[in-house]
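These are the structures, in structure tokens.
The same subunit A turns up in both complexes below, where it pairs with subunit B and then with subunit C.
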Partner chain A sequence: MSGKGNQSPSDGDYVNYSHGLASLLESSGIKPGDRIRISYKGREIEGELMPKPEIGDSDVLVVKLDNGYNFGISYKKAKISLVSTSKGTISFPKASVKNHGGLPKVTMIYTGGTIGSRLDYKTGGVYMLAKPEELLYEVPEISELADMDVVPLMSVASEDMSYLEWKRIAEEAAKAANSGSTGIVITHGTDTMHYTSAALSFMLDGIGVPVVLTGAQRSSDRGSSDAFMNLFCSVAYAAKSNISGVGICMHASSSDDKCMFIRGTKARKMHTSRRDAFRPINDLPLAFIDSKGVVSPNPAASVGAAGERPRNFKPKLGFEGKTALVKIFPNSDPEVLEFYIGRGYKGIILEGTGLGHLPVSTPHKEFNWLAKVKSAVDSGAIVGITSQCIYGRTNSNVYRNLRLLSNTGAIHCGDMTPETAFVKLGWLLGNHKREEVPALLGKNLVGEINERIRYDQFLV
Partner chain B sequence: MQIDYKGIGFKCGLEIHQRLATSTKLFCSCPNVSPSDREIARVERQQRAVAGELGSTDRSSKFEESKKRRFVYVVPSETSCLVELDEEPPHEVSKEAVEIALSVARGLGMEIFDELEPMRKEVVDGSDTSAFQRTIMIGMNGEIEVNGMRIAIPFASLEEESSGIIENNDEYALYDISRLGVPLIEVDTSPDIPSPAAAKDVALHIGTLLRLTGKVQRGIGSIRQDVNVSIRGGSRVEIKGLQEVGVISEYIENEVKRQLALVEIMAVLKSRKASVGNPKDVTSVFSGTASQLIKRSLSSGGRVIGMPLYKFEGIIGRELGEGRRLGTEISEYAKMAGVKGIIHGDEDLKGYGITEGELASLHKSLGIKKGDSFILIAAQEAQARKAAGLAASRAEMAMTVVPPETRAAINDDRHLTRFMRPLPGGSRMYPETDARPIQITKALLDKADLSKPQLEKEFSALKKQLGSEKLASEMIMSPRLQLYREILSSTKVEPSTLANVLLQKFTELKRNGYDADSIGAEKLAHVFGAYSSKRITKQAIEELLKRLSSGGEKNVDMLISDGLERFSREKVISIIKSEFKSERPEFLKKAIMSKYRLNIDGETLESVTSCL
Partner chain C sequence: MSGKGNQSPSDGDYVNYSHGLASLLESSGIKPGDRIRISYKGREIEGELMPKPEIGDSDVLVVKLDNGYNFGISYKKAKISLVSTSKGTISFPKASVKNHGGLPKVTMIYTGGTIGSRLDYKTGGVYMLAKPEELLYEVPEISELADMDVVPLMSVASEDMSYLEWKRIAEEAAKAANSGSTGIVITHGTDTMHYTSAALSFMLDGIGVPVVLTGAQRSSDRGSSDAFMNLFCSVAYAAKSNISGVGICMHASSSDDKCMFIRGTKARKMHTSRRDAFRPINDLPLAFIDSKGVVSPNPAASVGAAGERPRNFKPKLGFEGKTALVKIFPNSDPEVLEFYIGRGYKGIILEGTGLGHLPVSTPHKEFNWLAKVKSAVDSGAIVGITSQCIYGRTNSNVYRNLRLLSNTGAIHCGDMTPETAFVKLGWLLGNHKREEVPALLGKNLVGEINERIRYDQFLV
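Take a look at the complex of A and B:
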């Protein structure tokens, strides 16, 4: 929520200040953080010059008064002089992970995102944590659950992630599992966390340990942040659960009482800002973890038996980057498929309507997708069809239009979310022969397709 | 006792907080109040200190402190959305609230800068779901003149109201978030108000200025006055929870007396070379005790912790205010540990069922002699020891300092205060990065200048309108001024009639147990509309107000048709002919009025009877 910039507070002294103001400050030898005196309408006000946020009038100086309040004043109306130079910014206390020893070893892989962002209390600038250990420092009680090993892998906001990052995360997780970790926690930005969780579900199939993705909807600089409980519950799950495999662990409700663990291929961010944004789709939570760290597997959820822990697990890291996710809507132009095929795309997931419809019997020819889908399939691309309903299963038989579509060779993707189907297709194309892919796309591999949707698996 | 305030180094400043009557809250689109609010959910949260500047040990201990308590929020259907629940970033600041705040700042003669910067002020008690309060400094360096005194107004801000507390115990605090985020103006004076009486005048003056904007909430809790008081040798004490400005000076005077008494106690203890001893387990002294209080604690596995207070005899029982002693204050500190209270040596111990023999062995056990005193705490051991530590800290302060504290007004006619918490250091503030800075344009300032509250101008207009200086000065100071204006703008009632009802009648009704202030402006306008269109008599106004203030949803028209209609001339004549034909002429008017006082106005009756 509060900014996602990856900007360090020391980036450039006069960032966002106008040229005129910046040169005035520079020539007076004043830098943000310095104490200055402002003469204004016959009065003098002292305060500390603040760095300028991205918004606001760039001719306006932002000054912090001794009472803690900031105000802005145009440099054209005031005389500014230096009182004393900055005593330096407040430094974050040295963070170190305190391990008690004798507890399960949990590896935390830090990738960035709100959960790893921190506020410079002085300036209000949000930047990524310099050291991921600082996150543990925020939640000291984690040291009661596990001996932590922290891996600062990258600092990438979730909207900036790609499959190249997924591969790096999967590699790191495999390395941790192979070096004896009982469980793995991956801190991640929330926006695309469900894409990453789906990708890791395929890449890390058979890893034999719990792999938990977690994040925060409120940055950890505020006392009300959800980061603390999310992290605590994730470590608890990673340390204690005997369910292996990938999932997301975040708030179960708006309250800070428990988190839930959702299968990595069945999770989706369903709210822009709430703590409990991640919900299981066509599935139930696999487990609940309360704020004291007690893990309760959900007896109603179907979980495969925990696999043997392999000796030297090798992740399947292949991924076809030329895979696209395309949304169908009224008036949508089927020529977009030609664009993708022309660019060498090997797989396309269409987010259809309802049961998995595309416009195929349109009164107006320019909106008809049938021929374009057929020629995409004929050219060798895999075309999968999902539903923008999100919940429920697609079908290729109920209506004539569905049958027409199915005859083109496009594959309906069962009850997979569009995001999971998209990730799965990319992964299949990266690890399997082209001819194996159509059959595998519609087949359940790692829990991504639920053959039996229960009544209570809707709006969970 | 006449106090020479200048002589004792009296310092006093006010912080006035006034809720605004805007159509939405400060940072979201929820209404400030709603009659159809109902509970739709409860959300439970935990908050922790996120102080980056603290050392790591501080940090964990602070966390230990905070993790015990949960915060539960009652979620109202109409006056909250995801913003109040800290589940959505703030919306754009309410322009309406900014305009009112600018208008007030101009009315206070303040400087307003080019850009207002929303800030977050850290709040740790759970009263804000986000763990901070959004606040914006509006202006600096203002000044007002009150009865010839010039009082500086160094600061004013526009901020969010906090949640209202419903229940508070060791495990959790229950809050109602319906008022969270309501815009609030804070106006601070400098600490140079010369006397308690002057403080009341200044508070009234600022309250009036705020009401003159016509955009403030009325009713209980809509305005709060916090007072800061200190004397030479004393300390700054902040008094919160003053509900009525009328008794502000009494509270200040009593705080001065309290500090004077504490300063005196300090001198006595110093000259006696008093000291506080170490707590000791004295349970064995009371093994066969007849004291119910101690017995009860021991039977549930508790212990008795005693603490010697050397050379304290007679001091713990010394009065600091009516019925409040130094012992009361020591007890209030001890209670922070969750104990019920303390027993001390200056009390009548027989009253607790403690015998002379027990007392003698207690003295022996604690090693105290004549002239010394002690404290006893009976509770579970850890709790009792914690309480003893807190009590010791207060007892030690009695020798060295008047503790800087936030104190709560006790709302009874003694006008005293009790300990709430130590005075917090400066709150940590940092920029609210989710909200934009507010550009102050010339157009905004011009608008503020046009609408700014101007006491003199308003007063002379009211004087003219009401034809009475007395009525005008009462009206301008009244919390019902806004109501007066609203009703006047929508009805044709004469101003003086309206003012008299709002001032005298309302007070009278209140005294008789009718809360006329609970009647909404719309209903009141309806009543006065009915009067000015001659549907009801003047006497019926009071009756209607009584019926309307007894609660419940009531329809004004229905109440009127239920026997409160004004009789026309013709109806009066026909009544006289039918019901009063045998009445002797000299008693006629009296007889009619005793039956139809509410329905017939004097003028009509006069004109009818004079023609008979």
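Take a look at the complex of A and C:
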């Protein structure tokens, strides 16, 4: 037990550990954060002892391996010994953000999420960086691309984002554009990044500069983290691209060779954990950005070039919070529509099957949605129809059941994903008169509806 | 106007047409079903005049082109003339199903859907074939593969299917297996085919023969119809495969070169209209079937061979109809859980974001799901967590928010799609004691949960 020094572990260090495990650790002079060796069944592994999360078997100790993964084992099945003590806190390079001057000004708006997280030594999960600038310390190449301005706006996990946060982000982005930024990078958790990118696409329509959402599927203390390359490519795109408007920049493939920029209304997180989880839906990537920061617009994608930048851009921040997204499934209960109408909901996007079907001719009356959709529309709510297939577009005509549904006044949402249709409907209801909304919902406003879907836009 | 004969069109022929259009058609001697020529803007097209659906502009006449697509134009903008009169009804070959005898017996259970549909000359939509056998008339090659037994069980559109239909289909399949069929083909609409295939996978576990669901994305009177090849390949698989159990056989690609067989619990309709819409999720196709009927098991896929066929197989038909699938989205209203619990629901699958997240740490109390999930579980309901990413698997541990959620007693559903998890939960609640369900939901029973996801199982 050499090298431990004189520190005496306090009770606080062993919170959530069982009495037996805490006693063993204390008697061995081991504290969370120390590097330890675990011997079991003839094997030996080394890693940093993690603090105990509040949940789980309190006899199990967990170490973070050098490959970034965690390993847990009951202390009763293993021998443990100290290798070296913790350096106290994670050490970051002490450099500050250095701007050379004379480069394009890029504003980075920090909102939280895995890209700004590291291992949390209090809960065993992740914690947010003390300062968003820390992210930039790890990618010094960024200082060759842009003069960075970092705005620590909020620290909210992606799954906790709501339209209230979307408004704050949109306001901040508009402020940055109006103050002369060439481009804007927004770091964001990945779970709902495509909802946020859709919302910003509508709220920031006409902003005149590139607005790039980026994040990470793996936290920045893991060897396989995508945080740094995603950030680097996003800054490159924000500094150099002449395509204005909102999109997502993340890994194009699982290797670290390039990122892609996807239209904000046509993106979707399609995998829980892969680094190339974000894919364009019924669309192609608008550009690729390689690891040298070279931005290559995709000649096969149709995009407008950046317009003249407005002098005093005003975002359209309205959003009707009483907007719901409801998935249809076999035997689904149409009464749920009455639940939402009763709660004052003004808009409902239905995620139908196939071409936008609901059960409307079923022999089982309790599963028939037709009358409930009609009465929701008649009560003044806007009902939109999308497809849970995700790829492809809805159709209001091919089958009799589809025509019956259209006849209620429900609006078919074309090739929008259910998520984009939900965001668009909330935004329309927040910024337009009710009577204008049905026509606008089915009409392309900012690239969210493609008139034609190309053959190569499936499973891209 | 030659060739029209002596028939006088009755008013009934022009139902839903505007007075002006009906008058023009009558004076030109044209009835729905006749072949007409339309001249407009210097162009000419020909097709069959369709009857007018109950919905749409009554001045517009619609013709079915030779390529199977419809074309509509206002009669005020075009000149129309008769080319030839209708032959009256669509003519099918008059052959009956011919069984050579001595071939494997395959039972085809007909349930409805596009594969059994043709243009409906009354509504302008589709109608169901008068006899399911008509499908076989168009694929005479099938008589070389199997001795067919056709069971016209029901004619229900896919979107109208419920667990009540699943039970009837499962019973009929069990009956066929017990009466000596080598394999079973179930023709079904495509919209919810993957829900049905998941349900049958559980209900028919142990049936000992291949059970193949198939359908069509384009109706059989369209040149691009996939109905015939899908049916041919499905019969080939049912007759020849030594993999027992339930799956979906549809086009592997957009060309007509081969079909693939996808595990019933791992399939999903991923496109509204493409012929290759059905894809394996977190899995690989189990087999390919080419246009000659050759069945090639996929060596990269893991499947069990057919076991000995049970003598008197009994399907497990229980299903708890009070099971819901609820999608989470930003600002989503957690009160919807109370709605379902209040309606007597016993099981709820939540379609979370990313690794299976819900908003549980949001600063906006009205959007926080944590307490509502806990009280749903505490009230005795089973709550399962899936991901709307579709690909990948949920995780109960990486982030603090995930651990908070697990701590409520909600069950993570691994790499099951939300749809399969929903079906499994309803089936478990219908066949097992409540207290057994949580452990079974997270455990692989019939191939619905993969311990590992291969790199090549994304966007297959």
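Simple rule for what comes next: the second predicted complex is superposed on the first by the 363 of 460 C-alpha atoms of A that agree within 3 Å, B and C clash if a C-alpha of one lies under 4 Å from a C-alpha of the other, contacts with A are read in each partner's own complex, and residues count from 1 in each chain.
The rule is simple: a contact is a pair of C-beta atoms (placed from the backbone, for glycine too) under 8 Å apart; a residue touches a chain by one contact, two chains touch by 3 or more.
Fair warning: this is a prediction, and the values are worked out from it, not measured in the lab.
Chemist: Answer with first, second, both or neither: which of subunit B and subunit C does A:394 touch in the superposed model?
Modeler: A:394: touches subunit C, not subunit B.
Chemist: Check whether A:86 is in contact with subunit B, with subunit C, with both or with neither, and answer first, second, both or neither.
Modeler: neither
Chemist: Which partner does A:422 contact after superposing on A: first (subunit B), second (subunit C), both, neither?
Modeler: It touches subunit C, and subunit B stays clear.
Chemist: Which of the two, subunit B or subunit C, is in touch with more residues of subunit A?
Modeler: Residues of subunit A touched, subunit B against subunit C: more for C.
Chemist: For A:254 in the superposed arrangement: first (subunit B), second (subunit C), both or neither?
Modeler: both
Chemist: For A:298, decide between first (touching subunit B), second (touching subunit C), both and neither.
Modeler: neither
Chemist: Taking the superposition as given, does A:326 touch the first partner, subunit B, the second, subunit C, both, or neither?
Modeler: second
Chemist: Considering only touches as defined above, state whether A:273 meets subunit B (first), subunit C (second), both or neither.
Modeler: Touch partners of A:273: subunit B and subunit C.
Chemist: Check whether A:143 is in contact with subunit B, with subunit C, with both or with neither, and answer first, second, both or neither.
Modeler: neither
Chemist: After lining up the shared chain so the two structures overlap, which partner does A:162 touch, if you call subunit B first and subunit C second: first, second, both or neither?
Modeler: Once the two structures are laid over each other on A, A:162 reaches subunit C alone.
Chemist: Take the contacts of subunit A with subunit B and those with subunit C, and give the residues found in both.
Modeler: The overlap between the subunit B and subunit C interfaces on subunit A comprises residues 53, 55-56, 123, 125-126, 254, 272-274.
Chemist: For the complex, give me every residue of subunit C touching subunit A.
Modeler: Checking each residue of subunit C against subunit A gives 53-56, 120, 123, 125-126, 156-164, 166, 190-192, 195-196, 254, 269-274, 277, 279, 321, 323-327, 329-333, 335-336, 339-340, 343, 351-364, 367, 387, 389-395, 398-401, 403-404, 406-407, 419, 422, 426, 455, 458-460.
Chemist: Provide the residue numbers of subunit B that touch subunit A in the complex, in ascending order.
Modeler: So the residues of subunit B touching subunit A come out as 43-50, 52-56, 59-60, 63, 70, 82, 85-89, 111, 113-117, 119-122, 124, 129-132, 135, 137, 140-141, 155, 157, 426-434, 436-437, 439.
Chemist: Help me check something: in the complex, which residues belonging to subunit A touch subunit B?
Modeler: It comes out as residues 1-3, 40-41, 43, 45, 50, 53, 55-57, 60, 62, 65, 67-74, 77, 90, 92-95, 118-119, 121-126, 137-138, 140-141, 217-218, 220-225, 228-229, 253-257, 272-275, 291.
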